[in-house]
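Here come two complexes built around chain A, the first alongside chain B, the second alongside chain C.
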Partner chain A sequence: MIEVKAVEKKFGRKKILKGVSFTANKGEITCLIGINGVGKTTILNAIMALTPINKGQILIDGKRLDKTTFEKITFIPDVITMLPQMTIAEAMEFMNDFYTCWNQERATELLEFFRLNLSDRIASLSKGNTAKVNLLLGLALDVDYVLMDEPFSGIDMFSREEIANVFTSHLIENRGVIITTHEVGDIEHLIDKVVLLDDGIVTKEFSAEEARENEGKSVIDVMREVYKR
Partner chain B sequence: MNVNFNNRDPVYLQIVRYFKEKIAIGELEPGEEIPSRRELANRMKINPNTAQRAYKEMEEQGLIYTERNHPSKITTDTKTLGKVREELIIEAVDMFVTSIRSINVPVEELLDLVRVKYTANDDKEA
Partner chain C sequence: MKNYLKLVNFEFNRIAILFSALLGITFVAQIVGVIVQSRSYLSMANEKIYDEMMSKAQFLEIFGQMSFLQIARSVWFMGPIAFCIAGVGFYIFLIWYRDWIGKNTFIYRLLMLPTTRLNIFYSKITNILIMTFGLVAFQLIIIPIEMLVMKVMVPNEFRRDMGVNEIVSSMPELGIIIPTSIVELILYYGAGMLVVSILFTAILMERSYRWKGIFAGLIYSAVAAVVLISPVFLHEFVLNGFFYPIELLILEIVMGLIVLALSVWLSGFLLKNKITV
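What follows is the complex of A and B.
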């Protein structure tokens, strides 16, 4: 379980996170939703210790972050972090050198799943394919938790579908996923839990299926209620 | 296996309903093997947890059964299977009755109209 407890974060005098708390379970897909600038990416960065937090605590399976945590959790940012002149094969090799939990078998499977070519250079890829390579590099790690920042943004409908298909496959099964997105419609049926953020705090944390079952509301219905838009 | 999910009913119940429909029209036969939870999740594009929940619900309702280390199967209990069809019909009629009642149509007129419309569709399909 990933526990985010009363996390506060300031950039200069601007307070971005004003005490954010939520949990994300293993084997579940948790979706962070909020308008631009609300601090979704900052939260993911904080979980990965990429940015220091001013207050609060983040625990992964009950433990604070340390260097061994990074064999347990991976972050798929919204931009690819590999050098543009690398080929997909070289990027995979790089990951293999860097992480002991790299799973070559799964990487090959993902390569086929997304219909990518090993010899293609990262710089020459379309936006959709870059996103897929990015996902491949993250998901091929044998980690318990995957953080994804906006995997659907700016990507065509068919590629979005392909990416969404990953969520229903064994590639994600049993892992804990935190995803940020604006395209809720694409994954409405896939997510277990929704965390709504507004003005630096969590305004609502709920199970998507329970909202449908107990209140007859879609995720988007609940969002409209909470954000009053 | 393609379902258009609506966003307001629990997905797992929509899956259960899908199976009930297939059972009622005989597309799924008694004792027939059904996909594994993972396969179902993949085919229907849903969360594996939701598929698991749908199967649990169907097991509780006696629609499917699972023997150890074997794929789940549709029940062979004819009583349960008969009930499925009845339940779907009553549910659909109830919905129709509720929506038509607000228009205050005399029942005879309504029945005639239903007969005409219902069979007209049959002709077209044939």
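What follows is the complex of A and C.
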């Protein structure tokens, strides 16, 4: 389980996170939702120790992040994490070199799934294909948790569908996923848990299925209630 | 250790083009320099001997034989060396900033590698060292080639042949980059690495705290400089030459090791706890 406990973060004098707390379980898809600038990406960066927090604590399976945690959790940001001059094959080789949890078989499967070419240079890829390479490099790791930052942002409809298909496949099964997205519609039916953020705090944390079954509301309905208050 | 070596190899592959370019520029400029300097000497000799009817003996008495030092002191020789030093100096900053700036967001991957983040620091500083030693070694290899070109161009009686050692010892500025003893090598390159480690720490301060980090980096660099010169300062101005030279050297080495250890520790702390992508 990923536990984010009372996390506070300031950029200069501006407090972006004012005590954010939530949990994300293994085997569930947790979606962080909030308007731009609310601190969704900052939360993901903080979980991966890519930015320091001012207060609070983040635990992954009860432990603070250390170097070994990166064999257990991966982050797929909305920017490419490899050198643009690398080919996809070189990027995969790099991952294989450094991560013992790299699963070459799955990487090949993802390569075919996304119809990517090994010899293509990352710099020459479209935004959609760059996002797919990012997903490939993250999902081919045999990790327990996957963090995804806006995987659908600025991507064409067909690529979005392909990426959304990943969530219903075995590639995600049994893993804990935290995803931030504006395009809730693309994956609404797949989300297990929703964390709504506003003004640096969690305004609502709920199970998407319970909201559907007990209240007959979709995630978007609940969002409307919370944000249009 | 394995991950450190992999990172060193990876970082080296990234500088391979820049490194090869520096080697190429050095080689071409220095060879051109040998040709230009030799031809200029020979044309002067021809002018004096054939046009002004000066005897060979007279010419040699007035203008002397040509030695490699004339080439080594020219801009053709020292220019590329200065260019390489500037290149390495520039690279000390580029080696970090290129992972953050523009479309390069490789720092995400580097910081998410399942290895201690200090290995990033070690691999980058090792590459600066490899690059420096590589350039110096290349310089030592091409000097004999350049001498050979000079030998081919300038007749025996007009030139004075010198060994690499003799050239280096005749030029103190060259002696810094090509030390003639192992102690000098350790001291000069140790001091160089110390400066690089201070700069790396200052860069990481900037990357961690941005604007405030620039000031912190400048203050840290100034404090490190004060600590490093404090033994010499005390020796000269407070204790009126109290220390023997060897004691002063040992004190300087101790101060250098303290600053180095502090830089490494601080860099490790910043990379682990304060860095921001």
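The rule is short, and it goes like this: the second predicted complex is superposed on the first by the 228 of 229 C-alpha atoms of A that agree within 3 Å, B and C clash if a C-alpha of one lies under 4 Å from a C-alpha of the other, contacts with A are read in each partner's own complex, and residues count from 1 in each chain.
Everything that follows uses one rule, which is that contacts are C-beta pairs under 8 Å (C-beta built on N, C-alpha and C of every residue); 3 or more make two chains touch, one makes a residue touch a chain.
Remember, predicted model here, so these are calculated numbers, not experimental data.
Once the complexes are laid over each other on chain A, chain B and chain C both fit without any clash. By the touch criterion defined above, A:N165 lies against chain B but remains apart from chain C after alignment on the C-alpha atoms of chain A. With chain A as the common frame, chain A serves as the apex of an angle whose CA-centre rays point to chain B and chain C; its value is 160 degrees, to a multiple of 10. Once chain A of one complex is fitted onto chain A of the other, the partner contacts of A:E209 are limited to chain B, with no touch recorded for chain C. By the document's definition of touching, of the two partners only chain C reaches A:F94; chain B does not. When the shared chain is aligned, chain B comes close enough to touch A:H189, but chain C does not.
Looking at the shared chain after the overlay, A:D221 reaches chain B, while chain C stays out of its contact range. Across the superposed structures, the minimum distance from chain B to chain C, using CA atoms, reads 28 Å.
On chain A, the surface touched by chain B in one complex and the surface touched by chain C in the other have no residue in common. Those residues of chain A that touch chain B in the complex are listed here as 27-29, 164-165, 167-170, 173, 188-192, 209, 212-213, 216-221. The touching residues of chain A, counted against chain C in their complex, run 45, 48-52, 67-71, 74-75, 77, 79-84, 94, 97-100, 123.
If you check the complex, the residues on chain B that touch chain A are 5, 7-13, 38, 41-42, 44-50, 53. Only residues 3, 6, 10, 14, 103-106, 108-109, 111-117, 208, 272-277 of chain C touch chain A when the two sit together in their complex.
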